[in-house]
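Input: structures, listed below.
One chain, subunit A, appears in both complexes that follow, with subunit B as partner in the first and subunit C in the second.
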Partner chain A sequence: MLALQLLVNGIVTGSALGVMAVSFALIYATTRVFHVAHAGVYTLGGYLAWTLVHRGVPDLPALVLAMAGCVVVGSLIQILLYGPLDRRGAAQLVVLIASLGALAVIQNLIAAVYSPDILEFPPNWAGHVFPLPGGLRLTGVQIATVVVDFIAFGLTLAFAHRTLLGKRIRAVASNPFLAEITRLEPRRVHVYVMAIASALVCLPGVLGPLDYGLQPYGGVTPLLTATIAMIAGGIGSLAGAFALAVAIVVLQNLALLVMPGEWSIGVTFAIFVVFMLLRPRGLFAGKA
Partner chain B sequence: MSSRARSLLAALAVSAALGISAPRPARAADAAPITFGAILPLTGPGAVIGTEQMKGIQFALKQQNAKGGIDGHPIRVVFEDDQAKPDQAVLAFNKLVGLQHLPMIYTAYSGPSLAMAPLTARKHVLMLNAGAQSDKLAHASPYLFNTLPTTADEVGVMVKYLRAHGKSTSVVLYENDAAGIGGRDDFVREFKAAGGKILAQEPTQFGQTDYRPALLKLAAAKAQVLFVVTTAGQKSMADQLHQMNQTWLVAGTTFMEDPPTIADPNAKGIIHTQVVANASPELMAAFKKEMGAEMGFFSRQYYNATQIMFALTEHLLKEHKAITGENLRAAIFQIKTFHGLVPMTFTTNTAVVPVAINEMTGGSEKTIATGTAH
Partner chain C sequence: MDYFYSYLILAEIYTLLGLSTNLLVGVVGIFSVSQAAVFGVGAYIVGDFLLAGTLSFLPALAVAALACILLNVLISLPSLRVAGDYFVVTSFGIQLLATATFTNWTAGTGGANGMPGVPPPDLLGLPIESTRGILAVTTVATLVACLAFWLILRAPFGRLLKAIREDESAVAAAGKGVLSAKVSAAALAGAFAGVAGGLYATYLSFIDPSSFDLDASILLLTMVVVGGARTLAGSIFGPFLLLALPQVLTFVAIPTTYAATARQLVYGALLIAFALFRPQGLLGERL
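The block that comes next holds the complex of A and B.
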């Protein structure tokens, strides 16, 4: 029973991190920006939803409005920060530092407006416990997380492969120079990508805090795991990023069966270091 | 208006301009200000508690300065943010002591306090801790004074209660830092010494709110007690414990005194030790009016610590002694018993204070036993 509950909990948390990894991979593969401020957008989504819920907006519209807010913030970051830096030919390190700055601004603004306290959503459906076969016990928000995140992942894959905009994004990601001369307008595509990825990351950004509460600095640790998943999954592979995020969290959870908790994160990442040494381009490289 | 009245008004205006007035009580501007320092976590995951602590100090200062300060000296406190990180605490200490030559510093959190402790001894700076409880703090420096009992003292009260109620097996969930590890070690030692058995231990990280993996593993040990030593995220933990539907008794320390957790119906049945520092309803109301927040446990603790600081300063001013770290330290043992929110006696660097055991009732809490720490 313990192993099964750990496995299922790992899949739940992993699917949330998987969507974050997919959204991060989408941005990195297309814009080549290591968008650390994505952690800030993730956090902001939760706070926007929390504000709306506290003003009486039902949960689902609050989620949709929070996603819209994240779309605006993500697009503005691209238009006002990364775009100008790109036009001036800024080095990747400079863009990374700018992104870190944007993250610090978002986090500190949130802390200033909402306080650094852990904020909880009011008691609602999220905390309701569902006993399931096999002795499993999942809360409403855990079930919603796994369902919503898997659907979001599937829709993102379908969007990337089956829509005109998705194909345009993949073309820009594949060869920015060729995309420029074939009038695919890469800079405009970058804005679209930031908007889509920001909306996407808002899903775990809201569902996670429904379960664990909100913290202004709470986005960095998930982003770290998401980044590792993106690299280990193979840069450019959305499926790889998602699968590896789930695998990392499941492994971390199951590792508890054989070792104390303080070792599980270290050992899990040590396995991935060895894995990267053996397969430096990632598991699904080139299978975007 | 008559010429006499006009002359009187003119005389009043001139005397007001020259600052001549009738004798009046001492105000907090008559003498040079006396400045102390406070190094607290004002940003980062520890900021919730750090801000609460800061408000306790600020409220006490406002009250005292409104009464004319101490012997006419306004009292000030310079706040520095250490983010609950030892390295940042040392930088802040060097700034306050090296540059501003402050004789007394408030501190919080075990890691930062332990990092600064050797510096207090070297620089002869009094350090008042009203928030951290690691056992190492008791003997970390002759200049470090704790107004809270150490975790070991508190844990001793809890272990006596648990064993008296027939609990003989326990698992431990602890925060993987100085406070958590210290609390874990104390509980394991005391529980074993009292004839109990520890079946498993699992760590969590500071600021973490996903406890499910660790709780699941601990639940598999099937112990009678889950002893918790974490300083944040208790409400999430209570919700996740509720999800697991375990029969164990959940016990903790003063760190469990978290208003959102106490208000949570899922926290029903959790017990914890609680250092007694009760404030009157009038004081609580005044605090809420002035500071815009409830006077929580840590606000009360730092308000209390600030009353100690006032008593020390007053004592030295009366004896015409300089406000130095050495003199402040000596004054603590000369005064010995302080009467702030709760009587507090210093026979060593750690105060003797009463400790209660509270049980959460799913919305509030009640005291179910009392003891004395230290």
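The block that comes next holds the complex of A and C.
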């Protein structure tokens, strides 16, 4: 019974991390930047929503405004940081260092403004428990997480494959040079991608903390899981990233049956090592 | 005066760590946010042996150095197999895993409460308890490490490492062992971090996971980026400068609860500023 509940919890959290993995994969496949500061944008989304809710803004508008805030921050990082570094032909290592710096700045600004301690959202619909047949229990926020994140994933896939901008993004991702000479304007597309991905990552960034509270440094571990899912799924495959995120988090949750939760980072990392040894290109690599 | 000595001791220990990080990040050219984890392993190993009384200071330090060499080679090996960006995941993963171990493995590390009462270093059975004595020990260790770093960068081996950074396939085509060169550099980096850990544990006599977490790794990276990659001067200047920074920050009226936050904020801003405007650091070569 416990196993079933853990499985369900795993799918819920997994869909949240799946959206994070998909948003990260969009950025990585298009801009080639390993956007470590994405963890900061994720955390920022939750804090923005928390502030708005505390100021009396209703939940849904608060979510939308938080997403807008993340879009602004994500785009600014691209325009002011990655863009100039890219134009200068900076080494990958330097871009990574800049991204790590941006992460440190965002996290510590949050800690300075709010406090390094855990913040809880005020009690609301999120904590309402819905008993399901078979003794399963789902909270309001868990149901919202699954629904919103699966819809967001579906919309992202549809966007990438059906819309003009989505096709333009995939074109830039698959061949930046060709995109440049056919005037698809890769640099502008990079900004769009960062904006879209930052809005996307705000969804799990807000819904997750509704469940277990906000912490300024809480974005790094989810991002690590999300990037492992992206690599295991295969760079360039959005569906692979999402599926692997769900699978990894389900495994993490089932591992709770045999070991305490403090070690779940070990489970995640073991999965990564296995993939690196056996299938370093990921499960679904090759699809742009 | 003791206050100044203690700054010197810590700056020297961090110089060892700066050399270690510089070997990995600057010389071999891999992104690392896990050097604090290796540092921590060295510190806990020395702490454990001295507390149990099974080994005296120098043998314990040697064991710690060996363990850290092994660990650092193990950590760096994936970077030799997978593309650069994947190694970021390895590095973050190792750091978070190490923090989880330091915090939760209470039997070996004291857990979140830390490990108090590590005895001071001793030489040939004589304990060194004065700050000056410890300063002498760290100075000798740091000078030896600096000399090793300087000699290596001048030696043919150092030129080989630089050549690998410039063009790995050309070096391989010239029949040089790329893998063994990188592994050797990682091993040396591990030894420096292990010794630094042992000195740190015995000097402070108390260690806890917060000295070896992700923030500590970011500090080490900032030291190398600010000081400058691939030069001895940069590896020394970075730690001395950045460890003076908290003293400067104490003159600005920041509540103590926010001191750590303010420091990390400055480190992050420095990383961004140097990446954008001065990737070679103050006294280094281009990253």
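Heads up, the rule we're going with is that the second predicted complex is superposed on the first by the 271 of 288 C-alpha atoms of A that agree within 3 Å, B and C clash if a C-alpha of one lies under 4 Å from a C-alpha of the other, contacts with A are read in each partner's own complex, and residues count from 1 in each chain.
Here is the rule we use: contacts are C-beta pairs under 8 Å (C-beta built on N, C-alpha and C of every residue); 3 or more make two chains touch, one makes a residue touch a chain.
It should be emphasised that the depicted structure is a prediction, and the values quoted were computed from it without experimental measurement.
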Clash-or-fit label for the pair subunit B, subunit C on subunit A: clash
Subunit B versus subunit C as contact partner of A:Gln5, first or second or both or neither: first
Which of subunit B and subunit C A:Leu100 touches, first, second, both or neither: second
First (subunit B), second (subunit C), both or neither touched by A:Ala111: both
Partner chain(s) touched by A:Phe269 [first = subunit B, second = subunit C, both, neither]: second
Which superposed partner A:Thr227 touches (first subunit B, second subunit C, both, neither): second
First, second, both or neither for A:Ala90, with subunit B first and subunit C second: second
Of subunit C and subunit B, partner touching more subunit A residues: C
Which of subunit B and subunit C A:Tyr212 touches, first, second, both or neither: first
Contact residues of subunit A, present in both the subunit B and the subunit C interface: 108, 111, 116, 217, 260, 262
Interfacial residue positions of subunit A with respect to subunit C in the complex: 28, 34, 36, 81, 84-85, 90-98, 100-105, 107-109, 111-112, 116, 217, 220-221, 224, 227-228, 231, 260, 262-263, 265-266, 268-269, 272-273, 276, 280
Subunit A-touching residues of subunit C, taken from the complex the two chains share: 25, 29-31, 33, 78, 81-82, 84-86, 88-90, 92-94, 96-97, 100, 103-104, 214, 218, 221, 225, 257-258, 260-262, 264-265, 267-276, 279, 287
Subunit A partner contacts - residues on subunit B that touch it in the complex: 43-45, 47-48, 51, 176, 201-204, 207, 209-210, 212-214, 216-217, 219-220, 232-233, 235-236, 239, 242-245, 260, 265-266
Contacting residues of subunit A [partner subunit B, same complex]: 2, 5-6, 9, 13, 108, 111, 115-118, 120, 123, 127, 129, 137-139, 211-213, 215, 217-218, 252-253, 256-257, 260-262, 264
